[in-house]
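Questions regarding the structure given below will be posed in turn.
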Amino acid sequence: MSIKLLLTGGTIDKAYNESNGELHFVDTHIPEILQQGRNRSEIEIEQLMLKDSLEMTEADRHLIAAACSDSKQDKILITHGTDTIVATAKSLAALNIDKTIVLVGAMVPYVFKHSDAVFNIGVALGALQALQPSVYLAMNGKIFHWDNVVKNKQLGEFQEL
Amino acid sequence: MSIKLLLTGGTIDKAYNESNGELHFVDTHIPEILQQGRNRSEIEIEQLMLKDSLEMTEADRHLIAAACSDSKQDKILITHGTDTIVATAKSLAALNIDKTIVLVGAMVPYVFKHSDAVFNIGVALGALQALQPSVYLAMNGKIFHWDNVVKNKQLGEFQEL
Amino acid sequence: MSIKLLLTGGTIDKAYNESNGELHFVDTHIPEILQQGRNRSEIEIEQLMLKDSLEMTEADRHLIAAACSDSKQDKILITHGTDTIVATAKSLAALNIDKTIVLVGAMVPYVFKHSDAVFNIGVALGALQALQPSVYLAMNGKIFHWDNVVKNKQLGEFQEL
Amino acid sequence: MSIKLLLTGGTIDKAYNESNGELHFVDTHIPEILQQGRNRSEIEIEQLMLKDSLEMTEADRHLIAAACSDSKQDKILITHGTDTIVATAKSLAALNIDKTIVLVGAMVPYVFKHSDAVFNIGVALGALQALQPSVYLAMNGKIFHWDNVVKNKQLGEFQEL
C-alpha cells in the first residue's frame, strides 16, 4: 500500500440520527467515497477515532502524530473536522516527519446531497500524490501549506493568511 | 486566474435526452461540480467543444493544443472523453509546452447518481496544483504520466503500462 | 387550483446549518420535490409555519385547522413533523370538515441522500386525489386512517393500532 | 401480500452501459426505490420482462394481462415504458378485470440524479390503495383514468384528452 488514510471523524463522516434528529457518528463513509470515485490507488485505511474536532484532545493529537510517524507509507491522508484542522496540521508539522501529509475535511457531511466531501477527498488524494514532504491542508479546491491557512468561520471557507 | 480549465466534452458532460432516451451534449456540468466542491481556486473556464472523444478530429486536437500554448496560465486542466484521452495527452506532450497539463474524464456521466465525475475533477485539480510541468492524466484516484498509461476497456479503468 | 398544500415544517424540511453543524429550518424544499416529480397537479402552496412538531402549540394547531376550514379546495395535503403528526390528525378529524386531508412527513430530511421525503410526498399526493373525505396519514408507503395509526418510535415507522 | 407489483421495464429501470455509453436493462431498481421510501406496504414483486415499451409485442401484453387476471391481489401496480403505456392501459381495461390497476413509468431513469421515478412510484402506490377497481395511469403527480389520457411527446408529459 502506497498511501495511508487516517480517519479521525469530523463533519465529513457525520450521519443522521433518526431517533433525535441530530447528527452523530456511526461509521465512516470514506470507503464509499473511494468506491464512487472508482479509486485504484493503493490506500490502507486506519480509523483512529470518529470525533467532532472541537472535542479532540491532546491525547487524540498524540495518537494521530504516532500513526503518522509509525506508518510504513510516506504519503498520508488524514480526514479531520474543520474547526481544529489547522491546529492539528501545526502540531504535525512540529514533528518534522519526512512524509507528505495532507489533511482534509468537509463543510457539509457526505450524507447530504450538497456535500463537498467527495470533491474534497479527490482534491486531497490528487495533491497527496504530487506534493513534496511537508504538511498540507486541502479544502475549497485549494492546497494550503500548514503555516499559511486559516478557517474563515463567517464564510465557511479556508483562506491564505 | 491561476488555472485554465479547457472543456472538450466526453462522458463526464453527457446528459439525458428525454425525447429519444439517449445521451447527448447540452451544456457543461463542470461549473456545478466546482460549486458543489465549494471551489475557491481561481479557474478560468473555456469551452473548446463538447464532443464524444471517439469523434474528435485532428483539427480538434490542434484546437486543444493551441489553447494550451496560448493560455496565460501555466496550469491547465482539460476535460476529455476517456476513449482517446491518452492519444490527446500524447499529442500535447509532443509539443513540449512548459506548463502543467492534467487531462481528466469520467466513466459515468455527472448526471448519474453513481458518477465518478466529482471525485475525478477533485483528484485532477489537486494534482494539477502540485505537479511539475509535463502532461498527466488523472483517473481512478491516480495520477498517470502521459507516457505510462493505457485504458483497460474490459475493466473500464486506467492502468500503468 | 384543485389541491391545497399546507406547510408546517417537520423533519422533511430541515436543512444543515454549517455554522454549528445542527439541523434547522431555512426554507421549504417541497416545491423542489414537486418539480423533480414533474408534477402538473394544480397545487396551491401555503406556508403556515416551519416548526419541529415537538414545538407545535395549540395555537399552531388552531392555525392549521383554520387553514383547512378556509381553503377553497376540498383536497388538502399537510406536511408535518412525525412526532406529533398523529395528534394533529386527531385534532383535525374532530372538526368534521367535509374535505379530504392527508398529512405527511419524513423520517429523514429531504436534503439527505437517503431521504424518504420524495417518495412520501408522492404517496400522499396520489392518495389524496383518490380518497373519500376524512383525515389520513401517509407514511411508509401506506395510507392510515387518523384513528388507526401510531408511530413506533423504536422502529421509526408508522403502524396500525 | 395485499399489492402485486408487475415489472415490465421502461425508462424507469434503464441503466448506464459503460462499455458503449448507452442505456440498457440490467436489473430492476424498484426494490431500491421502495426501500428508500421505507415502504411497509405488503408488495409482491413479479418481473415479467425488462423492455423498452416501443419493443413491447402483443405477446408481451398478453403476458401482462394474464398476470393481472391471475394475481391473488386485487390491487396491481405495473411499471411500464411511457411510449406505449396508454396502449397497454387500454388493452387491460378491455379485459374488465375487477381489480384496481395503476400503471406508472418515468420520463428520466431512476439512476439519474434528476429522475422522477421515486416520486412517480410514490404517487402510483398511494393512489392504488385508495382507488376503486378500474385501470389508471399515474404520471406527473396526477391520476388519469385509462380512457382519458395521452402522452404529449413534445412536452414530455401526460395530459387529459
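Read from first to last, the chains carry the letters A, B, C and D; within each, the first residue is number 1.
Here is the rule we use: a contact is a pair of C-beta atoms (placed from the backbone, for glycine too) under 8 Å apart; a residue touches a chain by one contact, two chains touch by 3 or more.
Being a predicted model, the structure only gives us computed values, none of them experimental.
Common partners of chain A and chain C, by the touch rule above, are absent. Distance from chain C peaks, on a Cα-centroid basis, for B.
Between chain B and chain C, the centres computed from C-alpha atoms are 44 Å apart. Look at where the CA atoms of chain A average out and do the same for chain B: the two points lie 26 Å apart. Multi-chain contact residues of chain A (touching two or more other chains): 107, 114, 156.
The list of touching chain pairs reads A-B, A-C, B-D, C-D. By the touch rule above, chain C contacts chain D in their complex via residues 33-34, 36-41, 43, 107, 114-116, 118-131, 138, 140-143, 156-159.
Interface residues of chain B, counted against chain D in their complex, comprise 11, 14, 16, 18-19, 21-23, 52, 107-109, 111-114, 153, 156.
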